[in-house]
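Structures incoming, each one as C-alpha cells.
What follows is a pair of complexes built around chain A, which joins chain B in one and chain C in the other.
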Partner chain A sequence: MSQITDLSFSELKKSINDRVLSSVEITSAFLDRIESLNPRLNAFITITRDVAMQSAKDADTAINKGTATPYTGLPIAHKDLFCVDGTLTTCGSKILSNFIAPYDAHVVGQCKNVGLVSLGKLNMDEFAMGSSNENSYYGPVYNPWDTTRVPGGSSGGSAAAVAAQLTPLATATDTGGSIRQPAAFTGTSGLKPTYGRVSRFGMIAYASSLDQGGLIAHTAEDIAHGLGFIAGHDPRDSTSADQVVPDYTQTLNEPLKGKVIGIPKQFFDDRLDSAMHQAMDDVLDVLKSLGATTTEVSLDHVAEAIPAYYVIAPAEASSNLSRFDGVRFGHRADKPTDLIDLYERSRGEGFGNEVKRRILIGTYALSEGYYDAYYKKAQQIRRLIRDDFNRALGSCDLLFGPTTPSTAFVLGEKTADPVAMYLEDIYTVATNMAGLPGGSFQAPLIDGLPTGYQLTGRAFSESMILNAAHQVQMVTDWHKLRPEGL
Partner chain B sequence: MYEAVIGLEVHVQLSTDSKIFSGSSTDFGGEPNTQASLIDLGMPGVLPVPNAKAFEMAVKFGLAIDAEIGQQSIFDRKNYFYPDLPKGYQISQFEKPIVGPGRVLISLEDGTEKTINVTRAHLEEDAGKSIHDAFDGMTGIDLNRAGTPLLEIVSEPELRSAKEAIAYLKVIHSIIRYLDISDGNMAEGSMRCDCNVSIRPRGSETLGTRTEIKNLNSFRFVEKAINTEINRQIEILEDGGRVIQETRLYDPDKDETRSMRSKEEANDYRYFPDPDLLPVVLDDNFISACRDALPELPEARKARYISEYGITGYDAGVLVANRDVADYFAEVANTSGEGKLAANWVMGSILAELNQTGGSITDFSVTAKQLSELIGRIKDNTLNSKTAKTVFEAMLAGDGEVDAIIEFKGLVQFTDTGTIEAFVDEVIAGNPEQVTNYRAASEDKQVKMLGFFVGQVMKRSQGRANPQAVNQILSAKLSG
Partner chain C sequence: MSLTSDEVKRVAKLARLGLTEAETTEILTHLNSIIGLVDQMQQIDTDGVAPLAHPLELRQTLRTDAVAETNQRDKFQANAPHVDAGLYLVPRVVE
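== the complex of A and B ==
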C-alpha cells in the first residue's frame, strides 16, 4: 500500500469513512512529513502539532460515537491570513509577527464545524502581495518540483504544501491569481470561487473587492468536497452571496457532451510560448474527446486588466492596511517619541518593500486631483472587462486558457523588476476584475515542470468548472504526477 | 457694517441599540473599551455589517425636513490616521448621502420666520475617544464610542447671526427628539456641532474666507463661539488683515477660539467607496413605511395648538419646541379645559423652574394631572392667582395634592360678602387721608388709585379674598 501522505483528500475521506485509517494515523503521518520536509520547503509558518493531535483524537472519538460528519478527522492547513482563534496569524508580515488571532475566520470555523483537523498555518507573500512567495517576512517558499524555483504566489505555501503532500487540502486566497498561478507552478488543482461565494470574514484583507477565499488540492473532486463546506452565505460579510450551495460532488460526473469551450483569442496570440501552447492544445484535445466543442471568443479589454488591477488593488490596500498602526495589536516601535514617530516606525519597520510600494501607489491613486485619472478610470476599465466576460460567456459555457505564461521561474529572477512580476498574473487578473470563478488544473509538464490550464465560468458556476476538470482528470494522469527526490 | 455668514454641521448620535456596523451596545458611560467588539477594534479580517435601524432613523429625519431621500446610498471611506480611529478610516458617505436637500423653518425673536436649507444629511460611524489625563505621559484610547451611528446634518450657509444659528440648532434638536432618533443630550456628546463662520460687508454677495469651529457641545457654547469668532474676524478686517481658512477650537474658559490646523495642513481624506459594503438600495416600501411611522412634527403641532387651544403663535412655538413639554401642556389643557391658563402656567412657572434647575419635564415634581387640578381650583374660584402660586410652590416642595394643600394651609378664597365688607370697612377707616384724596380725584385717576385699597384688603385677608368681589365692594363703599 502507498503511504498515507500519498492519498488525496477524497481518498483519505474514503479511508476514514471505511474505518481503514484513523484521524490520529492520518494526522500524525502528515505532521511527521511536515516536520521532515518543511525545513527545505518553508511552506508552513506555524505547525500546530499539539492542537492537531488533540483534534485528531477528538475526531476519532466522534467517529466511534457516531457523531462525526463525513469529513471528521481529515487534515487541512490554512493560509496564514485566515484568523485561527488562539493561533499566530501573521499574514506573512513582521507587523503581525506577534498577532495571536482572537477569533476564527468564517472559513476556519466552517472547517472546524465539519470536524477537520488543522495542521498549521501556511506561508504566503506578505499581505498576499506577490506572485512568487518571495515577499514573506518568514522567507521564500521553495517549489517542491525544483527547490531553486518559486512555487508562485501569493498562496505559495498552500500550493507547495499540497504538492509536497504535507497536507491534502489547503485554504488559499486569490486577488489577482494567487490561487491559480501557484497551483499551476506546483502541479496542483486550485479554485478561486465567484466573488461572494466564500465569506471574507476573518480573512485579512488585501483588496476587498477582489479578494476571494478558495482551495488548493490534488484534484477537482477534492475541491468539490471542500468548497461544499467553506462556501455559503455569512451575515458577517455584507458582500457574501445569499445563494444556495449545491453539492459540488453530485455534478462531477456529468458528461461534457454539448458543452462549449470558449477560446479567448487574446490568450493564444503569438506571444504565447510554443511549449505552453502545445500543452494547452493537449488539454483541449482531451476536452474535445470528451464531447466538448470549442469556439473562439474575444476579451477586448483583457490587456488593460493588469494596469487597472494595479490601481484598484493598491488603492484598496492602502486603506485596508491603515489599521496596522502599532496602537492596538501587532508590531509597535520601541519607545516612540510621539504619535507620528509611533506610526512611522511601527509601519516602517513592520511592512516589507512590496507592501510599502503598493501602499504608496494606492495612496497616490486616491489622492485629491488624481482620483479621477486613476481610480475612477480603473473602475471604468473594470466594468468593460466584466462586460467582455459576460458577452463571451453568453456564447460558451467555459473559457479556456493557460494559467501562466511559463512554468515556475527561478528564485530571484524577477525580484528586481516589479512589472515583470506583475505580468505573471496576465491571464488570471481579469477573472478577479470580473468577479467570476476560475480554476487552474494540471496540464502536461514542460521540461519536468508543471503547467496549468485555466477554466473560467459564469458567476456561481463552480460546479461546471469542477465537473469539466474532473472529467479531464478521469482520463489523464497529469494530476497524479508528484515531485520526486524530496 | 458686517454681516455674518454661518453654516452648521450637526452630528447627531442615533439612538440605535447597537452600533452602525457591529452588534456592540451603544450605551454611554461604560468602563473604557468594554463596549468595543472585534469589529469596533478594527481587528485584522473583520468586516462591517450595516444596522438597518440607522437607515430607518436617517430616512425619518429626511422625511421630517422634506428632503430628497437617496434611494441608492453609498458608504465611502474617509482615510486619516488617528489613534481613536481604529481602522485608519471612518466609514461615511461622500458622493451619495442617504438624505439629500431639505429645509427647516426657524422662528426669530421678532416673530418672523425664515427657511434654512439643509444641504444633506449622511450616515457615518463615530470615532472613539482619546483620554489625555489618565496616564502619565501617555494617551489612553477608549473605543466604546467607536462605531456609534452618527447622522451628520449639513446646512447651507444661510444663517446670519449666532441667534439664528441657535434657533436652527433648536429646531434640529426638536425634530430629532420628536422622531425619537436620538436622545439629543449635548452634554454627553449625542449632539455636537461644527460651525463654519465668515463675515462680509453688509450688502455684499461674495463670501468671505471662512473658519470652522469644531466640536461644540452646548447651545451656549455655540452662541458664544460664533459671536467670539465673528468679533475676531471683524477685528482682523478692521486692522487691514485677512482671515485665514482654518479649523479652530473654542475655549469656553477664555471665551476665545484658537487655531487647530490651517488649510495647508488639512488632510486629503482620499474618499473612495468602501468595498466591504454594497450600495444600499432603499425601496419605496421601506421609505413609505418610514413615512407612515412619522409622528406629528413640531410645525404641525404648533398649528394645531393655536387652533385647538386658542393660544398665540409665540406661545405655541415655545410649547412645542420640546416634545415632552408639548405633551405635558396638552394633557393639562385637555384635562382642565383651559388652554390659555395651561399655557401661562407651563411657560411661566414650569419652564422657568426647569430652566433654573436644568431638569426635565418628564420627572418634574408637579404632574400634568396636579397642574390641571390646580387650574380647576382657579376656575371654580377656590383659589386666586396668588394663592394658586402658593399651592404650586407647595406641590413643588412635595407637600401633596392640591386640595390637601388648600385645606392644610387654609387658602380657600373668601367669597362671602360679609367677611370682605368687614375688611373693606377696616381699610377705609384706617386710611382717611387716602379716602379723602380718592373721593376728590377724577374718575380715571380713581381707577388707578383703587389698587392701593385692593392691596390693603388682600393683605388683611392674607390673599384669600376674591379680588373681583373686593373691587366691587370697595368701589361701592368709596364712592358712597
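== the complex of A and C ==
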C-alpha cells in the first residue's frame, strides 16, 4: 500500500475502523513527516509530539475496548488562533508569544470529544490579517508546490500542512477569504461554513461579524466528516446558530441533475486572465456533464465589497484587539513609566505592521466625525451586497467562480503595497459580508501550480456545496495531485 | 480624503498604539493608499439603505441567569505579566 501520510482523512478513517492501522502508527507517521519537512515549510508554530502520542495510545485503548467513535485516533492540527488548553496559542503574533491558553475553543473541544489526536498548532498571518502568511511573527509559510511562493493566507499553515501531507485535516478560519484563498493556492479543499454554523468560542477574534471557523483537507468528503463534528449550537457564542447539523456525508452522492449553477458575470469579466478562465471552463464542463445547468447572474455591488470590508473588518478589529493591553496576558513592555506608556509600548512592540495599519484604519473610521462616511456607509453597502446574493441565489442553487484571480504569487511580491494584497481577496470577501457558506475546491493546474474554483450557497446549504464538489471529485483527478520533490 | 502625520499620531493615541517617528512616516503612506481604496465606496448611492451590522440579522438571545463558570483565577493569572495576591499589577495610577 501507499505510505500512511498519502492517505486522506476519509481513507485513514476506513483504515482505522477496519483495524488495518492503529492511531499510534498513523500519528507517528504524520509527526515524523512534520519533523522532517517543517523546517522547509514553516507550517507549524508548535508541534505537540508528546501530547499527540499519548492521545494516540489512549485512542488505541478506546478502540480495543470498543468505546471509540468512528473518528477516534485520527489526526488533526489547529490553526494557532484556536485556544488549546495548556498549549501555546500565539495567533501568529509577538503579543501572544507567551500565551498558554487556559481553556479549549469549542471547535477544539468538539474534536477532542470525537477522539481526534491534535498534532500541533499551525502558522498564520498575525491575527488572521493577511493573504500570504507573510505577516506572521513566526516567519512566512512556504508553498509546498513551489517554496519561492506564498501559500496564501491567513490560514497558510493549515493549507500548506494539508497539501504537504503533514496532517490530513486542519482547522482554519475565514474572515474575507482566509480558508478559500490558501486552499486554492495549495491544491486543497477548504470550506467556510455559514456565519453562525461553527461556534467562535475560543477562536481569537479579528472581525466578529465576519469570522467563521472551518476546515481544510484533501477532499469534500473529508470536510463532510469534519464539519459534522465541529458544527452545531454552542451557548457560549451568542451568534452560534441553533440549527440541526445534518449528516453531511449522507448527501455527498446525490445526483447533480437538475441543479442550477449561477455564474456571476462580474467574476468572469476581462480582469480574469485567460488561463484561469480556461481552468474554470474545464470545471464547469464537468459540472454540466454531471447534469447541472448554468445561468448567468449578477452581483452588482461585488466590486465595492473590498472597500467596505476594509472599513468593517478593521473597525471590528480595532475594538477586539483593545484587549491586548499588557496587563492580563501577553507581551508587556519593560519598565513602563505610567499606565499609558504601558499600553502604548506593549502594543507598539507586540503588534506587527499590518495589524497596526488595521487598528489605525478601524480607529479612524470609528472616530468622531468620520462614522457616517465610513462605518455607516460600509454597513449600507454590506446590505446591498447581501441583497445581491439573495437575489442571485433565488434563481440558482449555487454560485460558481474562481477563488483567486491567479495562482500563488512569489514571496515578497505584494508586501510593499497593502492595497495590492487586499485585492487578492476580490472573489472571496463578498461571501463573508453576506454570511454565506463558500468552498474552494481543486481546479486544473496552471503551469504546475494549483488553482481553485469556488462554490457559494444559500445560508446553511453546506450539504449542497459538499455534494457538488464531491461529485466533481468522483470524476476528476485534480484533488489527487500532490506537490512533488518535497 | 487623506491623512496628515498629525492625524495619524492622534489616531494612534486613541488606539493606545505606540509608533516611532519612522513608523509614523511609513504607515502614513500605507494608510493613505488604503483610504484611497476605501473611498471608492462613496461612488455608490446608499440613500435610504438601512445599515447591516450582522449578516444573518440574528437577535441576541438571553441565557438563564445562573452561575455557569467556576473561579479559575490562578489558572488565568498564570498568563499575566505581573500579579500579586491575586491582583493584576500596573504602574501607579493615583498618587
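Convention: the second predicted complex is superposed on the first by the 486 of 486 C-alpha atoms of A that agree within 3 Å, B and C clash if a C-alpha of one lies under 4 Å from a C-alpha of the other, contacts with A are read in each partner's own complex, and residues count from 1 in each chain.
Rule of thumb we're sticking to: a contact is a pair of C-beta atoms (placed from the backbone, for glycine too) under 8 Å apart; a residue touches a chain by one contact, two chains touch by 3 or more.
None of these values were measured; they are calculated from a predicted model.
> Taking the superposition on A as described, I'd like to know which of chain B and chain C A:405 touches: first, second, both or neither.
A:405: touches no partner chain.
> Answer with first, second, both or neither: which of chain B and chain C does A:70 touch in the superposed model?
After superposition on chain A, A:70 lies in contact with neither partner.
> Looking at A:201, would you say it contacts chain B, chain C, both, or neither? Reply first, second, both or neither.
First partner only, chain B.
> Which holds for A:329: it touches chain B only (first), chain C only (second), both, or neither?
A:329 contacts both chain B and chain C.
> Under the stated touch criterion, which partner chain does A:246 make contact with: chain B (first), chain C (second), both, or neither?
A:246 contacts neither chain B nor chain C.
> Once the shared chain is lined up, is A:351 touching chain B (first), chain C (second), both, or neither of them?
The second partner, chain C, only.
> Check the contacts made with chain A and report whether chain B or chain C touches more of its residues.
C
> Going by the contact rule set out at the top, does A:209 touch chain B (first), chain C (second), both, or neither?
Both partners, chain B and chain C.
> On the A-aligned overlay, A:343 touches which partner chain: chain B = first, chain C = second, or both, or neither?
Both partners, chain B and chain C.
> Which chain A residues lie in the overlap of the chain B contact set and the chain C contact set?
99, 102, 209, 235, 238-239, 318, 322, 325, 327-329, 339, 343, 363, 367
> Where on chain C is chain A touching in the complex?
1, 3, 7-8, 11-12, 14-20, 23, 26-27, 30-31, 33-44, 46, 49-56, 58, 60-61, 63, 72, 75-76, 78-82, 88, 90-93
> Show me the residue ranges of chain B that touch chain A in the complex, using the header's touch definition.
Against chain A, chain B makes touches at 38, 41-50, 77, 79, 81, 83, 86-89, 139, 141, 268, 270-272, 275-278.
> Using the touch rule from the top, collect the residues of chain A that touch chain C in their complex.
It is residues 98-100, 102, 194-196, 209-210, 235, 238-239, 241, 301, 303-304, 306-308, 310-311, 318, 322, 325-332, 336-345, 347-349, 351, 353, 356-357, 359-361, 363-365, 367, 373-374, 376-384, 386, 417-419, 422, 432-436, 459 of chain A that touch chain C.
> List the residues on chain A that touch chain B in their complex, please.
Within the complex, chain A touches chain B at residues 81-83, 89, 91, 96, 99, 101-103, 105, 200-205, 207-209, 235-239, 315-316, 318-319, 321-325, 327-329, 339, 343, 363, 366-368, 371, 375.
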